[in-house]
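When the chains are written out, they are named A, B, C and D in that same order, and each has its own residue count from 1.
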Amino acid sequence: MTTPALRAVAVICTLSPSPAPSSSQLMAEQLLKELGEHEVSGEQIRLVDHDIKPGVEDDMGAGDAWPDIRRKILAADILLMATPTWLGHMSSVAQRALERLDAELSNTDDEGRPLTYGKVAVVAVVGNEDGAHKITADLYQALNDVGFTVPAQGGVYWNDQAMGSTDYKDLDEIPEAVASQQKTVAANAAHLATALREQPYPPA
Amino acid sequence: MTTPALRAVAVICTLSPSPAPSSSQLMAEQLLKELGEHEVSGEQIRLVDHDIKPGVEDDMGAGDAWPDIRRKILAADILLMATPTWLGHMSSVAQRALERLDAELSNTDDEGRPLTYGKVAVVAVVGNEDGAHKITADLYQALNDVGFTVPAQGGVYWNDQAMGSTDYKDLDEIPEAVASQQKTVAANAAHLATALREQPYPPA
Amino acid sequence: MTTPALRAVAVICTLSPSPAPSSSQLMAEQLLKELGEHEVSGEQIRLVDHDIKPGVEDDMGAGDAWPDIRRKILAADILLMATPTWLGHMSSVAQRALERLDAELSNTDDEGRPLTYGKVAVVAVVGNEDGAHKITADLYQALNDVGFTVPAQGGVYWNDQAMGSTDYKDLDEIPEAVASQQKTVAANAAHLATALREQPYPPA
Amino acid sequence: MTTPALRAVAVICTLSPSPAPSSSQLMAEQLLKELGEHEVSGEQIRLVDHDIKPGVEDDMGAGDAWPDIRRKILAADILLMATPTWLGHMSSVAQRALERLDAELSNTDDEGRPLTYGKVAVVAVVGNEDGAHKITADLYQALNDVGFTVPAQGGVYWNDQAMGSTDYKDLDEIPEAVASQQKTVAANAAHLATALREQPYPPA
């Protein structure tokens, strides 16, 4: 392939600032590694380490960390959102990122397409308790609304049994079903991002 | 207490007709037993064994099994909805019941209150996979919209670890956290139903 | 293009049997017409007119109408799910279809890919009241879990103002925002289905 | 009644800092006024004006504004959560509050009951677009999980037609259906809070 390699950015939505260990970050790093098997280079951003202002504009003014993060997202072909589960919902940090991405609906290219068009979104959800299917649903819908495309079986998750207390980062190894699904997500994301780069969506 | 004993009806939303074993039914029976500890008598209805017509009226005509089920729900003080998890959602059988309950918005007493007012709703969700918090949310909202009151911590659930394959009915015993939560649900439901019987909501 | 034309199947999830007018069907027909502008031929299936048995297998035995419907879905490149909104949720008929599609996780081709891989799913939601974003979320997640790919901005909806009573089928004309979004959905679905036909997902 | 008057606290989850006009705040103020008709005194807190740290403890340390807010919530009988709709979801500010309330599961009284037991939660959702039923569902479930009781028909909302752009604060007057539902929410919340004060939930 003579085209430049694909790039992924993992947006990590843990509530814990660095350097605390994070299950979301661990899962994201594993996915980035799998994406690497498909020639996708990646970087990660732990959102809670940055001062992302509340709002729905792409720049909320003085001190807002979002414009730099946004630049990285727009420079990537694949967006990975990785979030913990709190009360069965995505974290407030993840929802904050979605609110800021809402501004992309107004940012279109010369053909009238949002700048997110052609980009692929995948998701990872971790929790000691239940919530992943619903969070995956909410993320797919929001990311798709603002222009991302979701590849087949584009999510991976882990949670413990009902009312469990084990975190993903506490496991001794990656459960086989999770490892297998990570490979699927990475393969499908890389494939779809390549296809959409070669065949961009038509003008609006 | 000289008032008549409280009554509960468990609406079981498994996709499997009788006599197949059902995790939803098992969980419902355990909850009815706990309600019995609070002098609440109960009965159960396995919806899939009945021909409940699609629609949003309280009687959809010839052959519709809903009017009989509705009578039992309206005669009870406590409604327990028990549903399996399919693709992270409540079953189609559970949603069918909600659609039929939608008609209750138009069925009011002499004071303008829906006939469901003063009744308490609790929920039970089982699954080999994740989904219970979201299903609980969807059930609370729908049941509350049509007039039921939800007691504190009014839901109990069980699901296996991520991508697991164990069903609730396959467990050797009730997990301690589930048993404890069943007691909480039953105690709070019985308490709230008693309080609302003694102190009915004001006229509309 | 020398490849055969793309095919779409619209799965209509109204609770009302034919020949009652249906907002879901109206929206689906409009989308099929827009897909026709992209050389996609389409057909529609009004599920409630068929006896789809409860269950999660691809054939639930005697009298089950699903196997025929399934054949049409598997023969199509694009699946359009169109559902009304009841109590803020997709209809029981829509959830029934998802439950039956759950069986596709076990139906793989010689390369280990579900037969749904390479197919594109889009959604349409109508309601006199609120619920479309959530239903879209639930549909995307379920359809993606079983192997469909969701194109950028792959959903269109209409609902009235809060606590409104107007149905989509009561409108004099297609609201401009809806018409515009129908065109986007059709263009993106046709584009993505073509791209995935030419460049199938890699073997599992 | 010789007992002290009931108290309500409105937690307002707009993304806009004061003094920007806020639809969430407007709806909350209207509800507080209706609660006043039932002898409930109220105050409001606009969360985004305070530095609420990410986390799931009741005190996240230096500079955390939550402990003061928490004190007000625990001193009240009725919690009103008022949130805007962003991408069909509750705001990040609302989810932040839920995460902090998650700590209440561990804060129990001498009888083993969470300090939230006996408190009533109601919700208000506004948006120019669709999302209110789902947000109501997510709020009910989360608030109920941490110990609040939800009265019959305990939510009120407003959103514009599909893809509309009108905000609640732009309306000339309160729509009749909204005004009527505000009265219902207030009456039922005040009634239930009184009943639960007189008849507290049993010990755990």
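One rule holds in what follows: a residue touches a chain if its C-beta (ideal position, glycine included) is under 8 Å from a C-beta of that chain, and two chains touch if they have at least 3 such contacts.
Source: prediction; values computed, not measured.
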item: Longest centre-to-centre distance from subunit A, chain (CA-based); value: B
item: Subunit B against subunit A, contact positions shared by both copies (same if over half, else different); value: same
item: Centre-of-Cα separation between subunit B and subunit A, whole angstrom; value: 36
item: Distance between the centres, which are taken as Cα means, of subunit D and subunit B, whole angstrom; value: 25
item: Where subunit B and subunit C are represented by their mean Cα positions, the distance between them in whole Å; value: 30
item: Shared interface positions of subunit C, touching two or more other chains; value: 87-89, 133-134, 136-138, 141-142, 145
item: Subunit D residues touching subunit C - in the complex, by the definition given at the top; value: 87-89, 129-134, 136-137, 157-164, 175, 177-178, 181
item: Subunit C-touching residues of subunit A, taken from the complex the two chains share; value: 114, 116-118, 133-134, 136-138, 140-142, 144-145, 147-155, 184, 187-188, 191-192, 194-196, 198-199, 201-202, 204
item: Contact footprint of subunit C on subunit B as seen in their complex; value: 15-17, 48, 54-56, 86-93, 95-96, 98-99, 102, 138, 141-142, 145-146
